[in-house]
């Protein structure tokens, strides 16, 4: 049985046991090893958005060694089998895939929400701004062709919360919704300013992260960081759309710089305005709630019972309990 | 011109300059000093809910010295005058006031909201619970005559946020409202459980604080603290209304113990459930926003301009800026 | 050679090399693996109070897979052999053991002191109290059938100091002795109050820990913690034996809440009374001295010389030196 | 005896005891008080770059109250006298001074080095750069008329090290010298890049601070901070002088963002390159050595002996000892 | 009524109201002020071991100004009176006291225990050592005429615990007693080694502190500290009494270096041996218990009730409660 | 092909693939294992200053087991081969090497600079001292035959910066050079005193470390530490060369005690003099720059590109970038 392009995903390996499949993968790891009888073979890990798979290639490895490397997209043909309870694939053919053959969303985890719908919702919030300067400012970001498309596809992190394609947009849309729900209880808060902060606070992530075949930090991300990248982007936009009120610049800049809420998290300033304080608190809450969602799913996956806490979550220095599942019992 | 009982408040001193007033005060400070020419006089500070006032009493001080002390309610007669730009009162008469003469709300700052309305709103939320066990639990607190009335009059703190009569209730009602607004965005959260936590998390303050003529900590407050007091109250209530589900007990207990969110703030546990995490974050936000409101009012009072930050706020380790006032300018 | 019930312990494996043994174990780990030639086999770790042992079972694994799981007591028959310098057992039979066949003390490390003697000593201290209220309070715990027997068998921790059956009692008795030796030097200290604190400070561990076939934290232990559990138990006992002096309640409650001595160790209050300060210091000393004893034994076991420090002790952030052994030399 | 304009400085008060002087001051503090006999008088503190002086004005205070306020330059006529060991001035005339009458350097402490000489030295270093891009970048700052003149007059801080006019330039020139002396020992370091960092690292202070009649933080300084201000300035300059190599932009940006060396000092990144590490270390050393110079002078001023340490220096958490003076003895 | 030498102590001022006294004081503070009518007078604070007293000297101040300064012993004659409820003395005569006139113990607080008895007790412990090397080592300190007498008179601190003459000896004797009481419970502990550590751990204080007319730090104390001073003394003694076993040197040195138990308290090493751990814990306990004693006395002195906690104790970050007094009630 | 003594180094293994070599190694690790067919074999790691190598010995292992152990020098004969891409050696002969056969510098990494030249340079600096007391003091260390030779061969650390033979001298010489370059900019600094501190600050490392066949800490190093060892050495030297000025002793002692600059790094005092502050800053800089050099080399070795940061450097809590290589590009 021969498959056509990327109809096969790793998570379906069981259905193809002992079949030959032809498909595309990311080459996540590639080691050249010596055969005992002489000559070389390849020990590989190949991946798509659903999972990873061990692979071996015993013959004709000269071309793959010459042309392929970790992080590449490849086209392969091979046999699926099961060894010590785990599936693997023995490759017969392996070549670099052309860009035209690849749909990146096949290879990376992606948001389960509709990107265009979220994008429209976000633009809708901005259109509704009463403050035309802020409206103009935010649209200058969203309409920028170096920023808008990146904003729609970027993950929100390399790992931890929202680490998937579209994760940044998903994080921002959810945050805006919560901000809008909470704002009415705090009359000190300027609604348009708050939403501006919620939309722009993480905009530097479009340059802090790379999300080609995998998620990683750019050099600029490591040496400047998304907070200062965003601040630089703001300064440039403000020049582009001049004249723009200085007071608004200052307040938006302050929200960006202070949104992590603590010096040791890389914020050079602590939140000093009502909007900055509210934004920082709800952004932190969003991140924690998403982390909790991930941990509950992981606990479910390894078969934890309703009375059991999750594994220790190092970033939160505690384990977690899914209280709804606990109350419902088995 | 002679006033009747507590029609005079310190904030109105200007209108009574050079008048004689008869009224009631709390004796905030009382020192017996030697006159240069021999004999004793009293240097006092008297207060009501609006402000404090310097007082001197030159004659007939034997009885006041014998019967009055700091923290007492007193009835006085004296002359209002102005000295070096500040008002003061020279007392001619001073005696202890009877309890029957005193309305404590005249002497302590109080919430500007209607206590009964807030109370009804709070009870309304509980009546709407779908979980009848939690409804039963919360009402067992609200209907307890050692708790309900105290809950309605307690301040939320000795100083800092909501440090006024009815402040605890005001804080709790606001917190419940924000919780209800935020909960729909987090499907992991059990709404009734969250609101139960919001209502009970600070219930220990009815025993941690005293609010007779001034606000102070009880000995139990200092040695046990409102978190552990509340946990003890919960344990007792659960026994009273037995049988009560153990799982709910555990989850409510955990919300109480963890709501400060950090060990160094006296929480023996970090929040581990969705409800505990949400409650802790919004409680902290509420406190910060109220602190900010106080600081903006204080800055206004000392005549700070719209471009000026407040005084340094030690508890937040920063100064604050009233962004709305700043945007509006002079 | 066939053994009868639990005459075989893992530490004696060398004496039974190449023998067949029939005995009982705890199933510490159980993995189902694929044989190369098809079919499944079991890779297991089995344990008793002395040590753990690798086990393999190659045939008839269907029933064990269906009925046994990690943490169970099992009865086995198998052959002891040595592989790469380590002993292992190849199982021929494996079935769940009945409760009636098991003496839990065969499977868990236990105190080397006589539990009943320690218990009698502890009761003796309480009988000697001059303060009859405190005597009544402590006996209400010791005589409670949900508490007393648990107190006698509980470990003091999941790992680290006194992590064995009877460890809690052993820790408490030693602590009381040191308290009684130190108290005379501090006339500010009420002796009965101090001993009450020493006996009750860790009482919450009877619900924080589980010690069936292995030691672990209960859900209540993880979400409430032994400090707050103990405080709840105290509140309930005080109600049961009412009337009980409020002042004593407050002082005992404070000792329990503050005994860890630091916020970051989960104490919601710092020790404020002479008894609480003394108790907290000696409790910490006891734990450190026991940790040191464990580390010296471990160093001895791996053949460290008298001039060598132990392995790095992470919980104490240092290595240790057995000074007596060092002075004596080889 | 009548003086002409600003020939009188506070430090010379002793020579003018019981004389009438006419001169200019900054009004550092101004309080309107009630005279016992009715009417108002002024209690003032007036200052120039040498020191402060208590002042009283008893008559004709209506105009001063209407027109003068704290921070203004004023022209005064008054009598110098000595009261309880301290000099003071009793004012007969007081009016606002015109800008044209004022030389600001009379009123603020200033560097004792020649500003133009330091400026020329600094430009000399840049002219000598081998890297023409960096030369172009730094001159684009120095030649900018909104930046260059401010750079020459700005203090380096509100208080603590180099808190005087020209202090920023003095700090930068000294730092460049030490950088040039140390660089040869570290072949990993790019000399031009290092000097660029030394010149630009604090450039944001020209907008973080105000130094009109006194030194204070601007609102931008408080809400954005000199590190992020400098980064914004860099981004704008790079656009202005485009094309400019991206790699250099990144390295300079990183030096600016990381130069405080610790998150808690407001650096959003830690130094990652040889130049950033060297710059951060020497900048910190410079600041400490200047602080030490100030403390030695202060100790000298209050008559401390050669064997005595200075007052406790809170910012360094220690007292200091002038070792040279100590070795020399009395 | 004229008194003879130092029969008058400040604490007895009430009995001498309106009397003339002739006595000796330490000059704790001395200010020369201008009289309104011209000329100078002296505003002084004079002290003895019981308390301090305000003093004024209106005439004949030229000689005192020339010859006396803060920290000197002086002989005075003056009149005791009461002003605004506080006693003061108006001096008629004031001159420097000769050393021969002064018994320093009249001017500094001193231990209430018998120094010679404590000294004999301490020597007794050492005589009983089974380890003759340690006996020889400790006696080499006690018998050293630059150390022994200083040990008997030194305070244990400038302020806080045992800040009085003989305080070091008192602290050490108490610590040895508690060590001897606790050691039997820890068989890992070498008794002689532990007592050696208890006697020598603070020996560096004889050079860290000065206790002439007041308590202060020496320059060596500030720049080297008593821990490192003691280590240097130990190294020198070991040379003097050579040969001395290296192993004992190492263990005693380690106890000295580690006895503060934390890096941030100036210990360059953490306690690694049973003796060092026990010593460090009991030394800390001793200091806390003495601090508590001081605070209870201070609370008593200002009239706090049995239900009231002490003032906030900054060094312990908490308030304290005298539990025995609390239980007894009024 | 047979090699003679230590012409073979592990880094040259490729050239000797499939050859028999006879050479010397350090035995870094030695395990006795069971052969499947019965009998024992040895699994070893052998090393020299260039690298480590896996070794197996299948026969005649009785003598090696009896006489050799980890850390010994051994003479071996064996065959070099390649397995799974890595070289290994199969031993035919293995015996203990005699001291006379061994040149330790063949087995440990060593400075690439000429030790005698560095030593002469260092002595030259001291000869040039103007302060003859300090000259005398430093030479008393350098000329001491228990110190001088050790100073020339000691590593500066067990691992991290300058962890090779001669590393201590290399570190000290470089530090002195930088000190001399920086000192002229700080007129407060006494040049001779500073250089004395630079030479002596780490002198305790000659007793803190052992560098026989590998680098490790001595027991004294672990329990006393190089700071306090150095202080003891200073005290002894000062006695030896008495009379020596007390003031200089104090200042040198203070530099030694404070040079780590932070309590948590084991410095019992913070730097208080200009020399101590400068020394501490430049010592820290030297260590960081050397760490950076190591990391750049490691990154080069694993083939990192010019745009890539190094691995995470735990001791510095960051990754690093080689800016020169980055600017130059590929």
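Side notes on the structure shown:
By written order: A, B, C, D, E and F. Residues from 1 in each chain.
To be clear about the criterion, a residue touches a chain if its C-beta (ideal position, glycine included) is under 8 Å from a C-beta of that chain, and two chains touch if they have at least 3 such contacts.
As the structure is a prediction and not an experimental result, all values here were calculated from the model.
Shared contact partners of subunit A and subunit C, listed by label: B, F. Any chain touching subunit A that also touches subunit F appears here: C, D. By residue number, over half of the touching pairs seen at A-C are also found at A-F, the match among A-B, D-F or A-F. Taking the mean of C-alpha positions as each chain's centre, the chain lying farthest from the centre of subunit C is D. Residues touching across the subunit B-subunit D interface largely differ between the two copies, under half of the numbers being common to both. Two chain pairs are in question, E-F and C-E; the one with more C-beta pairs in contact is C-E.
Of all chains, F has its CA centroid at the greatest distance from the CA centroid of subunit B. Annotation: 46 Å between the Cα-based centres of subunit A and subunit D. Averaged C-alpha coordinates give centres for subunit B and subunit E that are 44 Å from one another.
Each of residues 219, 222-223, 272, 309, 319, 321 in subunit F touches at least two other chains.
Contact between chains, per the stated criterion, is found for A-B, A-C, A-D, A-F, B-C, B-D, B-E, C-E, C-F, D-E, D-F, E-F.
Looking at the complex, you find that subunit F touches subunit E at residues 219-220, 222-225, 227-228, 231-232, 235-236, 239, 250, 253-254, 257, 263-269, 272. Looking at the complex, you find that subunit A touches subunit C at residues 82-85, 307-309, 319, 321. On the side of subunit C, the complex with subunit A involves touching residues 32-34, 219, 222-223. By the touch rule above, subunit A contacts subunit B in their complex via residues 174, 177-178, 181-182, 184-186, 188, 190, 193, 247-248, 251, 270-275, 277-278, 281-282, 284-285, 288-289, 292-293, 296, 309, 316-324, 326-327.
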